[in-house]
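Questions regarding the structure given below will be posed in turn.
Naming follows writing order (A, B, C and D), and every chain is counted from residue 1.
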Amino acid sequence: MTALQWGGRFGGAADSALLDFGSSLEEDLVLAPFDVTCSLAHVAALESAGVIGSEHAATLRGALHAVDAEIAGGAFTPYARALGAEDVHGAIDARVRELSGGAGEWLHAGRSRNDQVATTLLLYVRERARTARHRAHSIAGAIVARAREELEAGTVMAACTHRQPAQPVLLAFMLAAWSEPFVRAAQRFACVERDAAKYCPLGSGALAGSGLPLDRERAAQALGFAAPSRNALDAIGNRDAALDLAHACVRAVVDASRVAEELVAWSAPAYGYVRLGDAASTGSSLMPQKRNPDPFELVRAHAAKLVGAYAGALATLCGLAPSYQRDLQVTKSQAIAIVEDARATLGAFARAWDAVSFSRERMERAALDGFTIATDLADALVAAGTSPREAHARIGAQVARAEAEGAALDPSFDARASIAAKRTRGSTAPGDVRDQIRSLERELAVVETRP
Amino acid sequence: MTALQWGGRFGGAADSALLDFGSSLEEDLVLAPFDVTCSLAHVAALESAGVIGSEHAATLRGALHAVDAEIAGGAFTPYARALGAEDVHGAIDARVRELSGGAGEWLHAGRSRNDQVATTLLLYVRERARTARHRAHSIAGAIVARAREELEAGTVMAACTHRQPAQPVLLAFMLAAWSEPFVRAAQRFACVERDAAKYCPLGSGALAGSGLPLDRERAAQALGFAAPSRNALDAIGNRDAALDLAHACVRAVVDASRVAEELVAWSAPAYGYVRLGDAASTGSSLMPQKRNPDPFELVRAHAAKLVGAYAGALATLCGLAPSYQRDLQVTKSQAIAIVEDARATLGAFARAWDAVSFSRERMERAALDGFTIATDLADALVAAGTSPREAHARIGAQVARAEAEGAALDPSFDARASIAAKRTRGSTAPGDVRDQIRSLERELAVVETRP
Amino acid sequence: MTALQWGGRFGGAADSALLDFGSSLEEDLVLAPFDVTCSLAHVAALESAGVIGSEHAATLRGALHAVDAEIAGGAFTPYARALGAEDVHGAIDARVRELSGGAGEWLHAGRSRNDQVATTLLLYVRERARTARHRAHSIAGAIVARAREELEAGTVMAACTHRQPAQPVLLAFMLAAWSEPFVRAAQRFACVERDAAKYCPLGSGALAGSGLPLDRERAAQALGFAAPSRNALDAIGNRDAALDLAHACVRAVVDASRVAEELVAWSAPAYGYVRLGDAASTGSSLMPQKRNPDPFELVRAHAAKLVGAYAGALATLCGLAPSYQRDLQVTKSQAIAIVEDARATLGAFARAWDAVSFSRERMERAALDGFTIATDLADALVAAGTSPREAHARIGAQVARAEAEGAALDPSFDARASIAAKRTRGSTAPGDVRDQIRSLERELAVVETRP
Amino acid sequence: MTALQWGGRFGGAADSALLDFGSSLEEDLVLAPFDVTCSLAHVAALESAGVIGSEHAATLRGALHAVDAEIAGGAFTPYARALGAEDVHGAIDARVRELSGGAGEWLHAGRSRNDQVATTLLLYVRERARTARHRAHSIAGAIVARAREELEAGTVMAACTHRQPAQPVLLAFMLAAWSEPFVRAAQRFACVERDAAKYCPLGSGALAGSGLPLDRERAAQALGFAAPSRNALDAIGNRDAALDLAHACVRAVVDASRVAEELVAWSAPAYGYVRLGDAASTGSSLMPQKRNPDPFELVRAHAAKLVGAYAGALATLCGLAPSYQRDLQVTKSQAIAIVEDARATLGAFARAWDAVSFSRERMERAALDGFTIATDLADALVAAGTSPREAHARIGAQVARAEAEGAALDPSFDARASIAAKRTRGSTAPGDVRDQIRSLERELAVVETRP
């Protein structure tokens, strides 16, 4: 039984090397369960339209449930590979026909691969957006939990800009800052999730709709969409939700890569702020002493890779005529590859994060390096009436002298005093940081429950 | 008067070639009016905190309004260029000091370039997201208006996939499909607009907050934000809104590039579906007969360029330590460059669209080329009880015969009959298309009014 | 037996999910035979340095040859997967140890994964650059062969710019033009091939060289390199050859995508210039009449994908500290993925090209559409003393009139006359085209034989 | 006088906003002197072909020399901007016509914008490839000079991989490693330079050659090309040399970004290895003590930006039909923008490099941190007969104990001993490093003199 779903007008055989080249099976095996769901809804639409009778419908449902079990059990993947199917949809179609005799011939009635792929992809996007939202949320939560611990411990450190010491802050304040991008990432995923549940393409046919009286409202409802899509031609070529999800994924991994970079830097003995547990460290095949923070380096590199992959996915669409072109298969494969890679990367980040421990002592020891209290001294002058420019210049000169003499700026003023002196909402002052953490905890609790 | 806002601790002079290299002035001149707005809110915060008295505040306000007028009048740009400022913020600061004597020294009290840039950028993003939303909306509207015209005219054509004739459709149906991505683009811009109005970074200082008791709530409110940002360190390095806008812009231009590609194709005599008016056509310096659809080719190329530029902007962030690094200046410049380029590109697309006219006659003449009614014949067999696979194979063989004989498939069945035979919501059947157009018109009317 | 090549200082076990995340096994299985070659040279270097005796050396050689046979026979891949190795190098090391008892412990003496990976990768690059050069060459050859055929047939057509008819040309001239980028692509591959044979990294250790007296000259020679690399630290982190190859691959696929686009366009009935044979065409699951040029659409999309992938590979290096960082594993994987994808894409392009046939009649019929002889008429005026600007304007006006009247420009002047009137070397005049084809044939014959 | 070089067949006026959108003037002003050179060669070709007489030729030469002087003197840019020209070529054409009366009408005889742009661009590429080669060479030279200094000083340090201490090395060895990528970059530029001097497109017309008997050999020779290009259609759309140069530029900046990253890291007090002089440091508008390594951060960010820009340039070509499409204007603009940005970035890198000073004392103090001699201890065991795996495991365990006890690994063995113990060519041993530096100096001297 061939897996090809077309061919009546062709005399010669297709070139098998070209079929292989055109196959997206490997990339879209993850779509298998969603295709089954989509096909079950189509069976209902066919039955409701009177295109197939209840007997055929029952047979098809039985076959689809059997395929679903094969997918879950792991038997389907080797089947599909052995078949040499063009894609996962063709492989499921072939398997259904094997399992259901003549009824199987009716599964594809009034359906094109175009509306089938578009619908299946949306179901996948919805599910992956939901799990990605949970992942972003749990990363934010893990960082905030650490912020709370460090707030209790009162750990102080020098925050940097340009890798140069800037001002003393609480480590809790820094950790709270690190959690924020993941909160925004979770919101981005939630937005994709909502958008992907709006319009159901099923019943759009190849591009013009169908001559069979399919009940699109019913199919949309069965699949959890708010409504059928408005225009068949737009619906079958629309990859916006998949791209939106891919984009949100890339952004979240970029966010993770920034924290990863800091943890790699802080793991160096020069800083010594971080020790990465054995579970997440890697050795060297030659140098016996090595303890390398590989997972965080890989997170960093995956961010760069995914940025390129997303550009590649978008580039397939530049100047591509509207409606379906085969290029969209590559767009789809790229989007899926990005989503799955990001899923693995964020998962690895989360696991490696759990192996991080902070050296409070090393941080505190370095908190005043680099004259980090200079801004406080300038602020004090300003509060006493000196103009900011004048204050900046005077303290700047004082730093130059202190540096030349190897002296401290003002021995009476320490990191904790600097931190406590902050007076604006959102600052590193302990009370403000406590408020931030509480607010984050509240927001994360809300995000948890809603779509 | 130097434009540099720092320097007290430095002995040697900065290398002017390096200062030039580091200047972002050209890229961020578009931020000038937004910096003034931001600075006015900071003056209010300083006054309210008692850092400056009402006299200084009034002087600063006067100077800022004067700068605003210079910006609007065109005098500011040459001033800033002549000054050799590092960026537009430094140039405005310098000009305010020129205009306000000693008071000018106080404008930067309790403020860092970091929170100033972050705030100004958000104000810019909000405004550009709003105008981009309007632009996407008006493009969608212009296409839908044309769809309505063609619906009345009843123009039929062959819709293609893979550039091969697929099925007969109404031109109105195709145009309605073309408008949909712009409706989604407008929603994407609306989303950015809302997000960019949430949190105000002003008062975050360099990264830790300020020792001066600035009223951040008041500043946030004055600038139209819902609230001050939660964490100073996150706020000063957060470029998410600018990236979200850049991304939405790239996507909208990619959408436009797809329609542009079709219009370029259809302008070729081989199709002859489109004639582009003189206003939007270009000739050749050598070939006197040429009439080239350059604006649409450029739209297509700008899409590709912007995809790369967005990848470049994201790549600056991969593995960049959290908090402020100078790299963020390039991120910002890239985001602005993308937004401004997309603005020009979508504007050009809209103008060139107005010069498009369709040749109904050429379209209709080709509507049955390529056996576009084959699906209808197969659907008829299915409706009469033949299985879809069998029907597909039989009509496929019939096509092969007809092609070999140079004959038509079924002379009694024409494009209009095919179109009328569609029975699913969202199809190309005239009644469905009428519904789609009405729905689009309603949705566009709503988008128009809301943020 | 564990596949990890390190661990002495570690107390806790590595997290297996993180090991999975960090594994590059799937991506670098293609390196397996090259690693064996590299390891054989290392055995010789160890023996020559007296680090191992001839018995151990013989045992190791035997084991490596056995592994080589397993790789060729297909048994090695499932072995490596079952092992859960970090990469292919670890898997081969583990298998050698299984096969060679105590001697196996010595294979890695004086070698780090760093110099091993760098060397293996260069061997891979050399081989793939060579086969890619042959591929580019054979594509150019296939196009030139078709050019010669069409030259004999004298096929004429309208060449376009901006998809608008420009001037009549010989199809042979156009095909000759299409072959040129592949000639340049072959040169680019030849350049990579030469560069990748220059310097051998083996013996560089982790980064500082080795304390064992390894004979690097001998190893370099055994592996076909001109010399050992100059600086160990540079050598172990140098991915330039792999990136150069990836880049040459991307460019070649972009070149192919441009021809592919034209073939897709010309396959549309509107042009009808090209018919794609059944072997390379694809049908539709819904529309029985479809004959889609999918392979060429996929080539087009792979170009876009690869452009993004290359950007991703380069982005992993931006701001990456010199020397080895784990990020380089992702750089390597990306480079390999690009090379293998391009290999498949160019192979598919070549196969699909063989299924292309041209409709001379359709081309000739359209050769004068769009007033393509206007330039000739203008040239004639110029030759007779009219200034080019004046001539351009006059013929332009004549075109406008002819278009309005639906008339031809000059019935006495046809496409062949236009073509024959060209008088510059490199033109579309038949004699010039004959020269071009001869020159291409000569150049391709030379490229064939040299590295 | 209009700057448009076409228009005879057009009735309506072009939309000025669309002309603005389509103008590439700003991007291609750098091409101005090269266009003049190209035009002078075209005048010679016209004269030699008898299309124009010696009087017209002399007038045109005079006008072109006058324009050249205006370009050099700065007067041309404001002229071109005021004119609102489509591109620099149109602006020069317009100016020549102003300066030369009727003769000016003849400059464009037998020439299309297509061959003119292709030729001008190659001349630009050649010049920029040459200066980029010199720049890469001088950067390599500056680093090697510093390596020689540090070799004399005998500075030792801990080389890292994964930012973890790996092995002691000479700073001179590390600097020699840093210079190598710039040597390769110079070779890449040399290759572009050679390729760009091969084939001259002038005389290719719009795509088919010219009906005027232009002497292409003479023009090629006059412009320093080896020969006229082979095929007119290929020649006018060929942007390979510009892309090759853009690519070589991107790669060189990526190389620079890696050294820049290290210098940023080493400027942090945690390392203290580098002090950046005042000339290249930047302060903060708020924090008076700051001394930020901005130029190196910007180099890093420009690398990321350029990677994206190159992807964008290539993406404009994906699926673009062969021959000239207007999209190529954006390809060209992007290539130029990349080249000019890279030029500025490498220039800034070179200047900032001169402001770098190394703290030998801080480096030496940290050379043994992280048990960097562990590999030497393991090597010693191997040399004494212990298998490498066993040796690795034993020293690994010893490291774990030493770390727990806060003890050194082997007090009798220091960094210098470790360095001296290396026995492979290319290692960090002082004699090897001396050889490397000598070899680099020789190679750089050669690169200096050849194309």
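The rule is short, and it goes like this: a residue touches a chain if its C-beta (ideal position, glycine included) is under 8 Å from a C-beta of that chain, and two chains touch if they have at least 3 such contacts.
These figures come from a predicted structure and were not determined experimentally.
**Student:** I want to compare two interfaces, A-D and A-C. Which one has more contacting C-beta pairs?
**Tutor:** Higher contact count goes to A-C.
**Student:** Specify the chain most distant from chain A by Cα centroid.
**Tutor:** Measuring from the centre of chain A, the most distant chain centre belongs to D.
**Student:** How many Å are there between the centre of chain A and the centre of chain C, using C-alpha atoms for each centre?
**Tutor:** About 31 Å, centre to centre.
**Student:** Let me have the rounded angstrom distance from the C-alpha centre of chain A over to the C-alpha centre of chain B, please.
**Tutor:** 23
**Student:** Determine the centre-to-centre distance between chain A and chain D, using the mean Cα coordinates as centres, and give it in whole Å.
**Tutor:** Once rounded, the distance between the two centres reads 35 Å.
**Student:** Do you know which chain A residues sit against two or more other chains?
**Tutor:** If we look for residues of chain A contacting two or more partner chains, we find 6-11, 108, 114, 160-163, 166-167, 205-206, 265, 282-292, 294, 297, 300-301, 304, 307-308, 310-311, 314-315, 318-320, 325-327, 375, 392-396, 399.
**Student:** In their shared complex, at which residues does chain C touch chain B?
**Tutor:** Listed in rising order, the residues are 160-167, 264-265, 267-271, 282-294, 297, 308, 311, 315, 318-320, 327, 366, 369-372, 374-375, 377-378, 391-396, 398-399, 409.
**Student:** Provide the residue numbers of chain A that touch chain C in the complex, in ascending order.
**Tutor:** These residues of chain A touch chain C: 4-15, 17-18, 21-22, 108, 111-114, 205-206, 277-292, 294-295, 297-298, 300-302, 304-316, 318, 325-331, 334, 344-345, 347-348, 351-352, 355.
**Student:** Could you pull out which chain C residues touch chain D in their complex?
**Tutor:** Result: residues 6-11, 51, 102, 105-106, 108-110, 114, 159-163, 166-169, 173-174, 176-178, 180-181, 184, 191, 203-214, 216-217, 228-235, 238, 240, 243, 247, 250-251, 254, 257-262, 265, 300-301, 303-304, 307-308, 310-311, 314-315, 317-326, 375-376, 379-380, 382-383, 387-390, 392-397, 399-400, 403, 419, 421-429, 432, 436, 439-440 of chain C touch chain D.
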